[in-house]
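Here chain A shows up in two complexes: once beside chain B, once beside chain C.
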Partner chain A sequence: MELEIIFTIEPIRTGPVELPSREIGSVLEFQGLVREMEEGKALAGLFYEAHGPMARRVLERHFLELHAGYPVVAVLFIHRLGWVPVGEASLFMRVLSSHRAEGLAFLAEAVIRLKQDVPIWKMAAAPGLGNEGASSG
Partner chain B sequence: MELEIIFTIEPIRTGPVELPSREIGSVLEFQGLVREMEEGKALAGLFYEAHGPMARRVLERHFLELHAGYPVVAVLFIHRLGWVPVGEASLFMRVLSSHRAEGLAFLAEAVIRLKQDVPIWKMAAAPGLGNEGASSG
Partner chain C sequence: MGSSTMEITILAFAHARENLGFSTRTVSCDPEESPRTLMARIAPGADLRHLAVALDSGYVSWDGPLGQARELALIPPVSGG
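Now for the complex of A and B:
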């Protein structure tokens, strides 16, 4: 499995899909966006922090375990850190596989595990509290 | 639900995601690509034909049924027709939803139903049979 894990404080930008072989039949891309309403409150965005090296180790372990059951070919995982305004992506995953079934299962399980025990934390920020200044707007 | 269904004989090209609201938390995109090996034979590509108006009606019915269980916000469905070479997409779906769970379920079910009873047919073409000339290469 080709595996790339990226943490970035910039808005997530992705290039075109590069196919490692002529046996890729499924390209799945998922973006998790920051929504305005969370638990009944209007947010301006979320602030993400991570323990980078540990998050990477835990993610690698999860992805290897998932790969044993769902043999996907390539995974690109990008998580944004710092201030993420409403409507922008905090998470991007691209999963290439021969068939869509293993790609869908891998993606679904990966996001569940991400939220379980990977050391990435988010803090809510209400509109007008000034955190917006940390982003490019 | 915003629903757009497109059939095209051109390579599938998609624009950037446009968010209909600040409550979209999940953007899922799926591309189904033509693989080289199918049932043990090497293909140059596949040739797709559809009964366009009927395919659209059947898809709309399926998507509305799925929406009742998985209330996604917007669906873009693009199917390529004619000659599709190996490594290019015959199908593209983009599903926007508040949460990823309904988006993943909608997408997975939609592709299963597409292959069940939507009047779109594919024919295999072995390498060197000349169908490649119909594409832009």
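Now for the complex of A and C:
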């Protein structure tokens, strides 16, 4: 499995899909956008921070475990950090596979696992202490 | 504390940082000490109930030994995505 995990403070931009082989039959792309309403309040955006090295390690473990059950060919995972305005993507995933079934299952389960124990946090306002929270890596 | 004192860097993220009042702090510790006893020593009364703890980027028990870890991360409930 080709696996790329990226944390960025820039708006998420992705290039055209590059197929690693002629056996790719399914290309899935998912974007998670920041919504305006959060717990009944209208927000301008959200501030994301992460323990970058640990988040990468936990994600790699999850993706390898999922790959055992859903043998996808390539995964691109991008999570934005820092301030993300409403309407922009905080998360992007692209999953390439031979067949749609394993790709759809991998993607759905990956997003569930992301929200279980991957050390990434969103907050309604930027941190007031130290302000170095967006540790990419 | 024994003769094998070492240093460990504590990282506090998100709400843990707001509650504890620091984002990074380096303290002396003993390899036999647990994350729970270390935090009780440097932040008495801190509410750890909703925090997970990681040593060198791996989740661990609050009551196991620090061992040779160089970094202790306090992990509030995550909310990525």
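Here is the rule we go by: the second predicted complex is superposed on the first by the 124 of 137 C-alpha atoms of A that agree within 3 Å, B and C clash if a C-alpha of one lies under 4 Å from a C-alpha of the other, contacts with A are read in each partner's own complex, and residues count from 1 in each chain.
In this text, contacts are C-beta pairs under 8 Å (C-beta built on N, C-alpha and C of every residue); 3 or more make two chains touch, one makes a residue touch a chain.
None of the values given here were measured: they were computed from a predicted structure.
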Practice task
Would you check which partner chain A:Pro119 touches, where first means chain B only, second means chain C only, and both and neither mean what they say?
Solution key: second
Handout entry: Partner chain in contact with A:Ile6 - chain B first, chain C second, else both or neither
Key = neither
Exercise for the section: Name the contact category of A:Val27: first (chain B only), second (chain C only), both, or neither. Expected result: first
Practice task
Using the superposition on chain A described above, determine whether A:Leu64 touches chain B (first), chain C (second), both, or neither.
Solution key: neither
Exercise for the section: Figure out whether A:Val111 sits in contact with chain B (first) or chain C (second), or with both, or with neither. Expected result: both
Problem - On chain A, the residue positions that both chain B and chain C contact, one per complex - result: 32, 111
Problem - In the complex, chain C residues that touch chain A - result: 11, 13-15, 17-18, 21-24, 52, 54, 57-59, 73, 75-76, 78-81
Practice task
Would you tell me which residues of chain A are touching chain C in their complex?
Solution key: 32, 48-51, 53-55, 57, 79, 90-91, 111, 114-123, 127-130, 132-133
Problem - Complex interface listing, chain B residues touching chain A - result: 17, 19, 22-37, 86-87, 89, 98, 100, 104, 107-108, 111
